[in-house]
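Read through the structure below, which is laid out as structure tokens, and then see the notes.
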């Protein structure tokens, strides 16, 4: 029997966990993680701002670089959640840093032309006060697809408030039904695709 | 004394005015137009979907092309409002068509290297049910700047509802105070810049 | 035995085929079509500018609307190629129109919450004189994913020239090796995913 | 007589200057700086990756934060150049960090509703191996405009190579004539606008 699938979530909030600051992005990631757990799929969330990820586009930028350890966890997972808050209608600098580091996958193809991410599925979690989730998912889908991830239908779980609002997702009393439904869609399509591709790897693309 | 400034608004809604369909984009444009009127600046709104604007990137695509007449009005105005609804987090195909046609300005420079749009100010009006205003303004700012328009600070007037919402701006009982304030910022900065550039044209850029 | 897969390509060039104008987008689509043919997968390319696709976000906008017939062909295909030239760094108004019309899929879910596009794979073909392929693929991936398509790794086949260049892809003497390799990647990953999902449909997402 | 204008350039390369690594972004910024110098306008370039700019959206994120000193220089300048390489078709995480920190301007308005950036002009410098300059300028224009900067026509100086190329701008033997011309346009329009707004500040926007 195949071992259970594994999920890894990257939380690109600008806040470190020092002082135990709650993160809206974490709440959205948690919603997805709960969905994966119902399928027996467990995993870990990494708060990227807690780690010193050096700027660069290689897999190891030197002795103080926290990326190699995070990269190992990405490679060990079947599903990657890229989570980010929206600032100025765009993804955070923190999640951008992680995406840039995955650019190295392009030069780490195997003998059949496949990146180390081939067969892995990416999904996106986005929260903002007011606007920007579609554009953030566009940028993340494109970057993640460029570096070898597959994407299941409706692969974004998001919440944003009304224009120029200031409510944080972490402070909502209740998660809206529409958000819970969208999160379920992400989980169901992503799990299905992850199982198919685990059992049926991409062939040579050369 | 200098003649009063003129404004032209392009409404990129997907709906024609046949059957007198109210447009949320029109309501947002109207908010800006009322602001301009307080400065004695008047103008016209063109509902683009009512006109047969042919695909292409020249200033005249043939006998049935409605663009040449619209282009004349753009050239006669000091301020251009590009208004659009958000669909799929992106600007509408209708406003995109108008932007493509303005691409021709790039090859219509005068002897000093200035496009016919130099000295004109662009601002943006965006409405959506739920998400996308920042990205829409990013795409419009870039396209309008590429074809020679100047942009004053905070040059977007927008409204979107909460994630996965379905309320239309045209149906709001009252315009939120934050939206009215943002619209005022657009008007005040745009009018100031338009006056300065009308009285002090850009020099040669060659 | 399962019937062979089918592919449909939408060409979003601004040029109609009147006067038999060659399209750079067609050449890129042709490269993908030749790849699919090597797998026994055939299909059709629709030059969208030849058809009167009305603005709107429903599946049928009235008697003169060319969309319903195109929509039928999308639903009959397993793989959809969205092809577009780059204008002003962005997708064309013509391909945007088609995407807007697919927005209707969101309200056409079956009893298990699946859009009519579930199980279909989308890929992207982009050509431009100088710049914009990544952003175009970002916008298309996001829009296509929002309306239910799955996306295989490296799902974009593109060419652009050097900054401020004016060479057209249709006029290149030879297709660069890097472009041919990238097109092969698109074909191989897309075909693999299309077969898997044809044989293993997405489950209920409700 | 008015004092000469000042320019500040932010270089968002992923490379620190340790080991004296040449930066393609620096070369593009240098082209603009030479243009400004012809107008008697001088200034400084800050290599952002050399500084510990903490994640956050306030003007001071604590004792080790390099941002407050950089922010002072921005406020002392009349013209801001935001320079960035393209990675994955998008702006770098390093320039994104600086933009996020300028988000604080929105809550630092004066009694007339004007952000500290009002009256300052922003322009953009972008370099990449192959693709992405238009989208990068779109994201930067929007973010910079949201936080109060004005934008002159054609406010981006860029170079990218052919699709999937790997040439670096720093290694070009000669700067192409088209790039030099575009840089001149950026300089001429930006200087004109900066002078006008220095002498004629934006009025109250409340």
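By letter and in written order, the chains are A, B, C and D; residue numbering begins at 1 in each of them.
We take it that a residue touches a chain if its C-beta (ideal position, glycine included) is under 8 Å from a C-beta of that chain, and two chains touch if they have at least 3 such contacts.
Given the structure is predicted, the values throughout are model-derived calculations rather than measurements.
Here B-C and B-D are compared, and the pair linked by more C-beta contacts is B-D. When chain centres are set by their Cα atoms, the one at the greatest distance from chain D is C.
The geometric centre of chain C is 36 Å away from that of chain D, both derived from CA atoms. Separating the CA-averaged centres of chain B and chain D is a span of 26 Å. Mean C-alpha position of chain B lies 29 Å from that of chain C. Residue numbers of chain A whose C-beta contacts span two or more other chains: 88-90, 134-135, 137-139, 142, 146. Of all residues in chain A, those touching chain D in their complex are 14-16, 49, 55-57, 87-94, 96-97, 99-100, 103, 139, 142-143, 146-147.
Contact residues of chain A toward chain C in the complex are 113, 115, 117-118, 134-135, 137-139, 141-142, 145-146, 148-156, 181, 184-185, 188-189, 192-193, 196-197, 200, 202-206. Across the complex, chain A meets chain B through its residues 88-90, 130-135, 137-138, 158-165, 176, 178-179, 182.
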